[in-house]
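Paired with chain B in one complex and with chain C in the other, chain A is shared by the two complexes that follow.
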Partner chain A sequence: MKDYIITAENIQLLVNDVLKQGWDVVSESKTGVNFNAIKDASELAIKSDSKPSKLSMKDFFFPKTEPLFFYRQSHDGVELVDASPIEKKTLFLGAKPCDAAAIPVLSKVFNWDYKDEFYNKRVENSVVVSLKCNYSDDYCFCTSIGLSQKAEQGSDAMLTEQQDGSYFLHIVTEKGDEFFKMYSQYLKDTQAENNKPVESKYPEPAVKFDQGKVKGWLDANFEHDFWNNLGDVCLGCGQCTFVCPTCHCFDIVDENCNYHEGGRMKNWDSCQLCLFTKHASGHNPRDGQTKRYRQRIQHKFKYYEDKFNEVLCTGCGRCTRGCGVGIDIGGIMERIDKF
Partner chain B sequence: MAELKEIAKELLTSGTVAYIIGYASEKNDKTVPFIARTVEDAEKLVFTHHSVNNLSVYLKRIKKPESGKVGLVVKGCDLKAVVALIQESQSKREDIYIISPKCNTVVSDNTKPWNKDNIASKCLSCEVRTPSLFDATFGEIETVELPSDEQIELIKKVEAMSTSEKWEFWKNEFEKCVKCYACRQACPLCYCDQCIVDKASPRWIDSSATVQGNFAWNMIRAFHLSGRCIGCEECNRVCPVDIPLSLLNRKMSMFAVSEYDYKAGTSIEEPTLVGTYKLTDNEDFIK
Partner chain C sequence: MENIYKPDLAEVKEIIDETADTRTLRLQFKDPEVHKAFSFKAGQFGEYSVFGEGECTFCIASPPTRMEYIECTFKLVGKVTNALRKLNVGDTIGLRGPYGNSFPLEQMKGKNIVFISGGIGLAPVRCITWNVLDLRNEFKDITIVYGARRVEDLVYKNELEQWKAMKDVKTYITVDPGGETPDWKGEVGFVPSIVEKVAPSGENSIAIICGPPIMIKFTMPVLQKLGFKEENIITTLENRMKCGLGKCGRCNVGNVYVCKDGPVFNYTQMKALPDEY
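For the complex of A and B:
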């Protein structure tokens, strides 16, 4: 695929053009909390050396709450009404590689058996332009799970910040190519430039573990004293799973209903919450935080790999940064690696 | 710090306590909750400006020991939660060995160094840096220069808003809520065996993270903590989407003081605000 140069000013012009075409443009919010659909290019916050936002962008593919259909009961029976179709096209701009990389991971589970048309439609309607990451802290570990600060998985194109403030645009997919062809007036040929990428102020992520070795230990140690200590201080909130770009469990409930009508909602759920595995009988096979936290680690670094041949994690570190009691998933992996 | 380790070792060796809930160092200066069960564990205990967590939350979350007390390292501010739990018959004073340090304020952002601009808002109006209820104490009080209390200014700002402006303000905040319930889980006084949002049959509150469901959850929690919240601000700290939950709780606490002259978690002997009725209680807000 071809590469281009795009100036910061031209990104702004391009974004306003895209908005005029009726697309949504989603970027990290300036507050650093989440991703937002912006109304004007001036709201863009493209920073290669910022900490990942607290929430990932998965909400835009797999919303925290989403109606599947509505129902209405009358004398003639039950009438089902489809949820509004997903038609909006969306440009994701400036996502970190660890955020973009979550999309192909999620796509596997949402297409493994039942094909989730809501999720698939959103992916189909999106163009993801990520930004090479120049950040790292004590909680990042993309390099330990086969990704990196310039990993292209899930990106249709990738920007790299240049020393003169412009961006090197590398097209990754056909979809990215088609998109940027529509806005070629904002792109410059790379030959005309003699520029260098910005160098990161941060070193490579310091957390290092060998995922193969960790997987081997997890295969053999479902029961181990190690787990007991981990669950000790976990308070059992769902923060880690909800901020995670790859956690994808959901619950289905009927809501907003009276006797005659309501909607069937698909809501984020979390293996860390006490109701998650509670049976109708009252029995709960994962009856404590130790078992629930073990499930999180096993699902991410063993079960998902067993089934889909990749880990359910992009090493973004959000779960650890946000954990109220400092449970450090990268640190746990390092400890397992040393067993 | 040496004092704390010595106290802990003695308590564990003598069998006075079964374990001690305290803080251990993590990466950089950060500290995390840690349960010391052995003398070796006691060596890891620390208390620093980064000891932010209110560890009294674990009194109701960790199984009670079969013999011995629970040792608890607890700051003066968080100690109010222990008092409230005893007032509400959730813990017994004789079951807890309270190790309460003299505290020189804690950080707001646990990943950054402690300094004048990085001090938790709850420290700015703290009157209990020297604890009054303890079995053991340690440390020395130092003079700390405090920044201005921006939170109280924000409360005044919200108070001055019109109803529709308040609605907009809270709608924008609650829209972000993902219903992770970290606020509830980190709260020492959110100890219901079954929270109303976990009641699935019948379901009283929408579990969907819609504006409606989010308002229902956050308002019910604020009401349920009215006159009970001791102001540790753990809910505010752990919220992954930065909803300023302390504004609600602090406003309700101010109301408990102005209307009923009641401060939650002040005295073990004092009856709770919501558990008592006096003929002189102000009723003019009931319409």
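For the complex of A and C:
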């Protein structure tokens, strides 16, 4: 696919133009907390050497809460009303590769056999332009799970910050190509050899493990003392699953507006919460934090791979950075690797 | 946009109280076309909903050979079953499905079948039992063993009588010692010991078993002693579910999703599961 150069000023102009076309533009917020739909290009925060935001951008594809349909009850029975169609086009600008890579990973679970069109429509309506990452800290480990700071999975195009302050734009997909053709006035044609990226101030992620070896150990050690230690530390608060770009467990609940009307909602849920698997009878298959933490690790690094040939993780390190008691998932992987 | 989470509307046509806390609803889809198009296999389950209260997962308790009504049987335990319990004839509920795999009916043909169940575990077994009985000529000897703690805990009492009256079916209804009433004419004793007395040999036989874990635990060695091969002992598992579609992430046991890979498993498959169900 094609390569272009785009200046920082032209990115601003392009964004305002895209906004004018009625699109949403989503970028990391300047506070570094989450991703935001911006109203003006001046709110853009494109920084290749920033820490990943506290929350991932999965919220824009798989919202914290969304109506599946509405119901209205009367003496004549029940009427079901569809939720409003998902039509808004969205440009994601400056996502880290570890954020963009979550999209195709989640597509697998939302599309095996039954298709979740709520998720699919949002992916279909989006153009994801990621930014080559120049950051790493003690918690990043994208390089251990088959990704890298310039991985293109899930991106329609990728920006690379250049030594002269401009950006090298590499088109990854047809969709990305179509999109940038509409805004060619802001781009300058170039060739791959003109890509002169800025040097990263940070070394490659220090956490290193062999996912194949970890998977082998997980296959054989559903029961192991190792899990007990983790379960003893974990508070079961669920933050790791909420900040994660790939965690996708959800609940389906009815939320009433009044006695007659309401909506059936799909809400984020977490395998770390104690009621998650509890039966109405009182029986709970995962009745302790040890079992619940084991489920999280096994699901990410074994079950998902068994089913979909992908690890349910992009190595962004958010779960570790946010953990109140310092449970370090990269460190856990390294320890498993050494068993 | 196709919406896999949106149920079809069904009407409660009849309510049958099985025990003090267990009830059967007979349902028909409101749209006759939907009802006509609805098909399922014995062992599959549905998501039943009371709007404003939420959804609940139960097996379809009526057999696919009798499609006039779709039936579910549930025990009053939680929020949604409480709401289902308040419904009257003519009220509307939501139903989506069928989901999951089913009992291996084709593989069961030409064999002796023994149905073993306890308590409300009869609901899925009742579905496959009627399915088999409605195609009676295609199976060899049929034995039914059903038990409950007390006489008043037996579900589908009318149908138990019908099965007992059938000449080509051996039916044994039992209650736990102490659970009998003065006029009780059935067996007294635990399910595993009744199975030991009346089940056919495992040669060319298939056992369908569903009930409390303790019943299954003590019946397994009996079946193995009778020579049942592990792959011919078939059960149906339940776990908390929300979507029923393999997405919401809570019913998995190891890498197996009960809602998609199950709920029907044979004993070989069960033994391969990690101990987390």
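What we mean here is this: the second predicted complex is superposed on the first by the 331 of 339 C-alpha atoms of A that agree within 3 Å, B and C clash if a C-alpha of one lies under 4 Å from a C-alpha of the other, contacts with A are read in each partner's own complex, and residues count from 1 in each chain.
To be clear about the criterion, a residue touches a chain if its C-beta (ideal position, glycine included) is under 8 Å from a C-beta of that chain, and two chains touch if they have at least 3 such contacts.
Source: prediction; values computed, not measured.
Under the clash rule set out above, the superposition-derived model of chain A with chain B and chain C shows the two partners fitting side by side.
In the overlay built on the shared chain, the residue A:302 is in contact with chain C alone; chain B does not reach it.
Contact with neither chain B nor chain C is seen for A:141 once the two complexes are overlaid on the shared chain.
By the touch criterion defined above, A:65 reaches chain B but does not reach chain C. Contacts of A:117 after superposition on the shared chain: chain C is touched, whereas chain B is not. Of the two partner chains placed around the shared chain by superposition, chain B and chain C are both touched by A:253. When the shared chain is aligned, no partner comes close enough to touch A:35: not chain B, not chain C.
Of the two partner chains, chain C is the only one touched by A:82; chain B is not. Taking chain B and chain C in turn and counting the residues of chain A each one touches, the greater count comes from C. Once the two structures are overlaid on chain A, chain A sits at the apex of an angle of 90° toward chain B and chain C, using CA centres and rounding to a multiple of 10.
The gap separating chain B from chain C in the superposed three-chain model is 5 Å, by closest C-alpha atoms. When the two complexes are superposed on chain A, the residues of chain A that touch both chain B and chain C are 251, 253, 256.
Considering their complex, residues 68-69, 71, 73, 77-78, 80, 82, 85-86, 109-110, 112-118, 121, 222-223, 248-254, 256, 262, 264, 266, 269, 271, 276-281, 285-286, 291, 295, 298-299, 302-303, 306-307 of chain A touch chain C. Contact residues of chain B toward chain A in the complex are 26-28, 30-35, 53, 57-58, 61-62, 110-111, 176, 178-182, 184-186, 198, 200, 203, 206-210, 212-213, 234, 237-238, 240-242. Residues 1-7, 9, 30, 49, 51-55, 77-78, 81, 92, 94, 238-240, 242-243, 245-255, 260, 274, 276-277 of chain C are the ones touching chain A in the complex. Interface residues of chain A facing chain B in the complex, by the touch rule stated above, are 31, 33-34, 54-55, 64-65, 137-138, 232-233, 235-239, 241-243, 251, 253, 255-256, 265, 267-268, 270, 273-275, 321-322, 324-328, 331.
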